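Labels A, B, C and D are assigned to the chains in the order they are written; within every chain, residues are numbered from 1.
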Amino acid sequence: MLAALREEVLRANLALPAHGLVTLTWGNASGIDRDRGLVAIKPSGVAYESMTADDIVLVDLAGETAWGERRPSTDTPTHVALYRAFPGIGGIVHTHSTWATSWAQAQREIPLLGTTHADLCAESIPLARGLTADEVSGDYEGATGTVLIDALAGRDPLQMPCALVRGHGPFCWGTDPAAAVQCAVTLEEVARMAALTVLIEPGSGPLAAHVSAKHFERKHGPHAYYGQP
Amino acid sequence: MLAALREEVLRANLALPAHGLVTLTWGNASGIDRDRGLVAIKPSGVAYESMTADDIVLVDLAGETAWGERRPSTDTPTHVALYRAFPGIGGIVHTHSTWATSWAQAQREIPLLGTTHADLCAESIPLARGLTADEVSGDYEGATGTVLIDALAGRDPLQMPCALVRGHGPFCWGTDPAAAVQCAVTLEEVARMAALTVLIEPGSGPLAAHVSAKHFERKHGPHAYYGQP
Amino acid sequence: MLAALREEVLRANLALPAHGLVTLTWGNASGIDRDRGLVAIKPSGVAYESMTADDIVLVDLAGETAWGERRPSTDTPTHVALYRAFPGIGGIVHTHSTWATSWAQAQREIPLLGTTHADLCAESIPLARGLTADEVSGDYEGATGTVLIDALAGRDPLQMPCALVRGHGPFCWGTDPAAAVQCAVTLEEVARMAALTVLIEPGSGPLAAHVSAKHFERKHGPHAYYGQP
Amino acid sequence: MLAALREEVLRANLALPAHGLVTLTWGNASGIDRDRGLVAIKPSGVAYESMTADDIVLVDLAGETAWGERRPSTDTPTHVALYRAFPGIGGIVHTHSTWATSWAQAQREIPLLGTTHADLCAESIPLARGLTADEVSGDYEGATGTVLIDALAGRDPLQMPCALVRGHGPFCWGTDPAAAVQCAVTLEEVARMAALTVLIEPGSGPLAAHVSAKHFERKHGPHAYYGQP
C-alpha cells in the first residue's frame, strides 16, 4: 500500500543520519498522499540502520494507523496537524539537530544575519510560544502542531518552511519529503553560523533588508534565476 | 568463563570510539553477572583497535581479578562501588567525552534546558562533590564511587542514569552495558547543546517543568508510549 | 572545447565538498583560459555527486555562455568581474564555508592573530563594503565583484588572495583553480582559529608585525624557502 | 640509510592527518638516532598522501642534510635545537592543530582544569615568550627552539612534554616519534576542553592540586599503575 511513498519517506528518514542531523533514533520524516489523505511516517524508536520501507507506517489525517505493524512516531499528531493546516506541503522533518535545537533551547528566534539564511527564507526563523500546562497534559503532540501553526502567523508555509518549538527543536516542511530534508540541512547550517556570528560579534545586526530580499527572490521569487531552468 | 558477558562488554567498549566519545585508550565500559557477582571490564591502557573478548577481565565485587591475563581498568574500584550500591544496574560506562567533561571541568551541573535532556532524565545532571586530600591519597578510585553515589542523593539510578565527577568526567549506567553506552551518547549531546544554548543566550533558564515532566514520562514513566510495544 | 580546463575546474569544484567547505549545492569554482578569454565555471544548483566535466559551462568575459547546455552559476558576473580586474589570477572559489562566512556575517575583517594566517597573507582579511540598494536592484552579482575589487584597495591579488563579501561569504583566488581551493581551505581554518582565539581571550591583539612579515616572506617573498625548490 | 627510523618517522607524520591535527601540508614529525646523531624529518611542503619513507630527510644536529633528495622541513632548526637541549627525547611533533593553536594565538598558557590534562602533565602548558625582531631576522627557526627550551625553565621534558610557541602553535615531544604523536593528540583534546570549560564558566579555576598530582602519578610516577605491566 502506497509503496512508492513509503520508499520516499524511508529515504528521507535515512538522509537524516547521513547529514549528521540525528543521534540514535531521534528525529523523523513523513510524506503525504493528498488524494488518499494518508501520511507515511517513521515508526517510533526504531534504529535507522535496520529500517526498511515495511517499517514505515501509514496514518490517516486523524493520526489513526491505516497500514503497518509498527507504532508510528510519537510526534505523529504534530505532523498530521501541520498537514491539515498547510494544504500546500507534502513532506515534514523533525530533528533535534544540534545548533537549531540550541536556538530553540535558548528560546530565541534565529535572526537573519546573512545571505545563506536569506536563500532559505526572508525573515527570522520563528519561535513557537510555550505550551501551557493544560496543553501538555492534554493532547501534547497535537498542541505542538497548533503552536507551530500559530508561529507562522498566516505566512505561506512554502515561503517560511520551518519553525522552532520552544525548548524542543525544529520542524521543517516542503513540497515533498526530500524538500523538507533539504530545509532541515540548510536550517542547521544557518543556525550554526548564526551562533558563531554572535560569538564573534555579540551585537551583530540583521543583514540589510534589500540584500536579504534580493537573495530570497533570486532563488524563490517569480523571477528566480538560481538553478537549472 | 562468562564468554557472552565478555563479548557484550567488548561491544560496549568498541561502541565508545565508534560514537566519538573517546580519544586514544581513554574510557571504559563494564557489565555484571549478578548471579555470580562478577564484573567484566576493559583492561587498562589497551588500544581499542586490537582489543578482543579475551582482553576483558573478570573481577569480583571487591575488585579482585577472578579471570584474565590483563590488569583491569584503573577505574575498576569505581565500577564495583557503583554495582554494590545500585543493585538494579547491569552496565557502566566512563568516558572523557568532550562536552560532558567540559561541564565537569567547569564544576557545574548540566541544567535541564530542553526536551532532549528531559528524554534522558527529569532533573539537572548531578555534579559530585570534590574529593578530599585524604580520599585522594587513600582509595582514590573507590572514593570516586562514593561521591558519585552521594551525588545521586537517594534517587533511583535508573531514573538518574549518570553524574559528573568534578574536574574529571561523566559516569553513566543502565540495565546493561548497551544501555549505559546509549546514556553516554545522549549525555554528550545534551552537554553539547546545553553549552551552545548558554553561548547563544547566557541567561537561558530551565525548560518549563510541565514540559520536562511530560517528556520524561512519555519515554520512561509507567504510561510511556515512546518506541515499539 | 577546452576539455582540460573544464576537467581542472570540475576537480576544483569537487574538492570543495571533499574539504568540508560546502553544504548541498552551495559554492562554486572557476578557471580561465586567458588566451581565449573564456572562463569555465560550475553550473547553477547542480548536485556535486553527479557533476561531470560536461556540466561545466564556458562563458566569455562579459559573462555570456560560449559553450555548454547548463545555466552557469548565478555568481558568474562576480567571477568575470574579478578576472577582468585581476589579470594575474587564473582561478576563483566562492563558498559559504562555516567560519569564514560567520566573520562575513559578523561584518568584521579577520584579524591577523597567528602565523597560520601570516602564511596565507600579511594583513587582515578584508571585508567588502555593503552594497547599496541601487547596486542590489541593478547588476547585483557584478556589483559584488566591484566591492571585492574595491576591498583590495590596489593590493596585488596574489599577495592578498581572498576577501569577505559583507553578510555573505568569502571569495578566494589564485594562479589556477587548485590554488584558489587551497586558499579557501586555509582561509576557513584561519577564520576558525581566529574565532576560537577571541573566545579564549576576547582582547586578543594582532601577531607581532615582525613575526607575521617573516612568515609571509618565508613562504611567498622573493627569498621564500618553504616547500621544495 | 636508517631505513627503520625513516619508516617510523613516516608513520608518525601520516598519523597527524589521520588524527585530524593537520590541514594541507602543515605540521611535521621527526625522530632521532642518538648513536649516529642523525635526525629523520618530514620534507618541506610535500603532500601527506604521496609521501614515502624516501621523502624523509636525514639531517645532522647542526641541521645539515646528511641524506635524501628533499629539502627538509623549514622547522628543522627548531627540531635540532630541541634534540640538542633535551638528550632524553627521541621524537618531536609540530602542528597547527586547531585548539592548541588558538591558545597560542590567544597568547595564554593552557590552565590545568581537569584530570585529562593531569594525565598528560602536572602543570599548565607553558607559553613561550615572544621572539624579538632581532631573533626573527636572524636564525628564526633556531630561536624558536631557544624560547621553547626557555619555556621549560629547567623542567624534565619527559614530565612536561609540550609547549606553545606564542602566536604560532604547539611543539610536542617524547621518547620516540609515536609518543610525540600521542602527546599531540592528547594536547589538542586538552586544549579543546579547556576552551569549552572557559566558555561554560569563564571563571573556571584550576583542578585541586591533590587531584592533579594523583592523576599524573598514577600514570607517570614511580608507582604508576595505569596500563599493562
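Here, a contact is a pair of C-beta atoms (placed from the backbone, for glycine too) under 8 Å apart; a residue touches a chain by one contact, two chains touch by 3 or more.
Quick caveat, the model's predicted, so the values are computed rather than measured.
Q: After a C-alpha superposition of chain A on chain B, what does the rotation angle come to, in degrees rounded to the nearest 5?
A: The best-fit rotation has an angle of 90 degrees.
Q: Counting shared numbers against all numbers at the contact of chain A and chain C, is it over half, same, or under half, different?
A: Counting shared over all numbers used gives less than one half: different.
Q: Suppose chain centres are the mean of their C-alpha atoms. Which chain sits farthest from chain C?
A: That would be chain B.
Q: How big is the gap, in whole Å, between where the Cα atoms of chain B centre and where those of chain D centre?
A: Chain centroid spacing, chain B to chain D, equals 32 Å.
Q: In whole angstrom, how far does the Cα centroid of chain B sit from the Cα centroid of chain C?
A: 46
Q: Which positions in chain C are in touch with at least two other chains?
A: 199
Q: Quick one: in the complex, what on chain B touches chain A?
A: On the chain B side, the touching residues are 113-116, 182, 185-186, 189, 192-194, 196-197, 199-201, 204, 207-208, 210-211, 214, 218, 225-229.
Q: Please output the residues of chain A touching chain B within their complex, sorted ascending.
A: Contacts found on chain A: 23-24, 26, 43-46, 70-71, 74, 96, 98-99, 101-108, 130-131, 133, 136-137, 140, 167-169, 195, 198-199.
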